[in-house]
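First chain A sits with chain B, and in the next complex the same chain sits with chain C.
Here is the complex of A and B:
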């Protein structure tokens, strides 16, 4: 490597090395959302299912001091519903991507490390999952089974196995060919040790960035299912809250019912994407510096 | 077969006794095109404490040879012949059996130190892992040993390095770390596969000197795989020149440089740039490409590229022939110094096709 390119790389590395203000804003927003969702029952929010009807006035009520986000047509407090909806939406997102990472990651690493028959069988399974229309599968499962939080989470989890697994496989292949893996073998390390100590940490970094992006996808997917009336039956979810205000009459007369939860969902998904992207770029430095 | 047997049999190998013996080793790969004869009948012997240089172009089978000995081949490879390590035939050893030898008895330094260290594991951990694994050291002993190893390979501030990651070190430093890791469990045989190719020229000499120094200190055998005759010249006891998977010349280093027999070896020698050349001297190359190992040419593998080839070379394969010195063998019908070679050489000189310094090399 010549001096000039080395210098350029060092400069690139230095600018990339900082996570930037945007990242911290995104993290701050995610922290607020997660904090509110986690501790919602103990925080001074209104009851999301109560009807706060003011006698003589017809709901929906516009945002005001008592209802910062306003209320819906049944006079339910939208701030409370958005916060409690976040509990469901974020749980679905976390479980879905967690399942994807666990099963997809395991299968992908096995396929990428052992190649051969493992790879052929696992890649074939991934291809089948990817070619099956995700929405149809989700509708099928949720229509057949009870629409509980568990069913929805697992459905979206199954759908995230193949995409996550393919990335795990590709990343593993690129690292398994590197000499440090062969070097570990020549020093007497067994397969299990190589996978856990040498490969897993290297594969987890790109995967963790992907996890945030995947969570964003799962949150949006839950909204999509809610629109089809197939989301969690009990309690509010972001998708269901948006749906209550999505009628054309409501959008004209009481736009806050749909718009405010949409903004919250949008900001959260944006923050997840942005943070994931920055983390990926941040850890890429090691690669470029090598 | 357990680990103790191997170690005991190894302890009998004293300096000067053969540590490694290859007898007609063949490594073939089954591919869709056909059988690739990557290593095709190599016979060698290496004594404990000695160093061997394996020289050849890319594709000559030198890397496959070292990986065959170590048993690091993909499942498509088929091995024939015998590899005796410390008196034991290890050719049919499974990965499980080889694992006792890897690291503890034989280890390897790779070509690219940028790739051969785990980018996410601290240097200290990378050195102590094999120590704990093979020698059963506890953490404190392993760390102390790691520090000593880093000092042995001349790394400044070894305490600080233990907690650094590979990307914080320079290329030469990383190769030193790699050598420290390879030496960690006191192997009797070290493979160095192009250990200096990825490094700066000034660092190359330092690394080669370091390997030589450690070889003497530890009474270890070294196999230095390279394409550069200049690299092996000062750092080996014997040199094996490979072409197309076969040994084409094998001799003690001094004998080889004094009396090269094989035109291929001479061509390799010519392809090293010399400081004494005037500037803008065109570097001599060997025309053509290495042979197709699926369908090797009839006769001598090198004949299609050899400027001295006569009709016989294209039909009949030359056997390995000893010279006056029985340790010096070569495979050529018309070696350097034979009447046919001299006649052709005079012709080439006359047509001006040859650079003049060619005959001056020997």
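Here is the complex of A and C:
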């Protein structure tokens, strides 16, 4: 490494101790979205499935005081649909990355800690999953099974196991030979204790940054599935709300139907990416997979 | 040599696993007879029973699953993808694929070309002004583009460039001459290319900055080589290594993305074909498209590896 890079890294070290204003703005936005989604049924939103037809006027209605985001072709309130859609989209994101962390994290730590035979089998499974276009697997499962919230969440969860697991493995390997692990072992700690008390806390920090990024990926994936007609069948989701306004005629006459939910989705993904990125920089996580 | 044999083995094993899984799942979870005949399949009337027997014979439904898999697989390898699950089974799946595949491939080629053409100058520009205001703006821009999902970008581009300003055509017409069709695919390709270009730019910029700090760059500069020549002739090539890897990975991602973007721009490619097939529960078509996409994905990854070892002899040695 040349001097200039060393200098750049030192600068990075100085600035990384702070998360910055942007991080808190992102967290604030995420808080609003999560709060609205969680408590939607008890907050004064309109009914997402009701048709608020004004007699004498043909829907869709443009954004106004009564409908801040406007309504769709069936005169359904888009603010309510976006908020209730967030419930589905965020659930999908949380379940997906939760599964990835739980199973991927477990498999990755096992592979990284025990190495040898374990490592070879688990790594091979990861490679198979990673060399398979993710969307195709999602299409397959959702095309064959009923399209419930559970199916979609679990499908995207399965897809997030390998990417998360690979990073868990790499991080574990980089910690497994460190002095504090050796010290614990010399003191007579068993494998289980070393993994839980020594390795897990260290692996969890980089994983939390990854969790935010992974959640963004899962939320976007739901939208993509919606465009293929494969998202959750019942109720609004972000992808489905955007899809209702994406046809050429609707887009020309009533652009707000698609574009406002796109902006909400975009801001959420941006906030997740940015917060994840900042956390990664803050804890100085290296992306290099061993 | 041993490495490549191993690599090939893994690729073939993967394709076998995917096809067996897909084929098995479709036949076990779905009901092929119902998909072909509709409600008639459950009928017990004598004249319907004849139709059922005929369909079973035509689609080999009485054979055990492994036998059907082998029959389907050996036909698939020779390019015969079977018949569609419809009453008359026309056109054959391979004809449908032959019609749809070139459009998706063309879309991908345009998208990748655009992404590279945008990313390289952008990265050179940003890297030569590293950490100045322009570079910071460009970093923020790329961050924004990466966060836009491709379907969102596609809808916005369609709204702005085809509906509002009428710069690009709205409709893809398969009967138009070649270059008109290419022009019709530019906007869908842009929806795919912009986020990918941002990913490329970010990576290439980082690599370029590292390269620009090497001693031989300083030597070239002090010999009086112009800044532009140093960038293009000395710094770019060695910075392209990790770019190639990510180019391969993103081709796979673009394949998935193109299925979605085709829906929005109503391009009759593989994406629209698979959506129609899913709606009709026409599983042979779904199966064929899944296999084509997976095969392409695997082949591209192997090619990237190969290209990598051609450019960098060190990879070959290890």
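Going forward, the second predicted complex is superposed on the first by the 270 of 290 C-alpha atoms of A that agree within 3 Å, B and C clash if a C-alpha of one lies under 4 Å from a C-alpha of the other, contacts with A are read in each partner's own complex, and residues count from 1 in each chain.
Operating definition for what follows: a residue touches a chain if its C-beta (ideal position, glycine included) is under 8 Å from a C-beta of that chain, and two chains touch if they have at least 3 such contacts.
Because the structure is predicted, anything quoted here is derived from the model rather than measured.
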Fit or clash - chain C, chain B, common chain A: fit
Partner chain(s) touched by A:28 [first = chain B, second = chain C, both, neither]: neither
Chain B versus chain C as contact partner of A:186, first or second or both or neither: first
Which partner reaches more residues of chain A (counting touched residues only), chain B or chain C: C
First (chain B), second (chain C), both or neither touched by A:178: first
Chain A-centred angle between chain C and chain B, computed on Cα centres after superposition, in steps of 10 °: 100
Touched partner set for A:39, first chain B, second chain C, both or neither: neither
Touched partner set for A:202, first chain B, second chain C, both or neither: first
Chain B versus chain C - smallest C-alpha distance in the overlay, whole Å: 15
Chain A partner contacts - residues on chain B that touch it in the complex: 70, 72, 75, 99-100, 102-104, 106-108, 110-112, 114-121, 129-130, 133-134, 165-167, 178, 181-182, 184-185
Footprint of chain C on chain A - complex, ascending: 2, 4-5, 127-128, 131-136, 139-140, 143-145, 216, 220, 223-224, 227-230, 239, 242, 245-246, 248, 251-252, 255, 258-259, 262, 265-266, 269-270, 273-274
Residues of chain A that touch chain B when the two form their complex: 116, 178-180, 182-190, 197-198, 201-202, 205, 286-287, 289-290
Contacting residues of chain C [partner chain A, same complex]: 10, 14, 17-18, 22, 25-26, 29-30, 143-144, 146-152, 155-156, 158-159, 162-163, 170, 210, 213-214, 252-253, 255-257, 259-260, 263-264, 271, 274-275, 278-279, 286, 290, 293-294, 297-298, 301
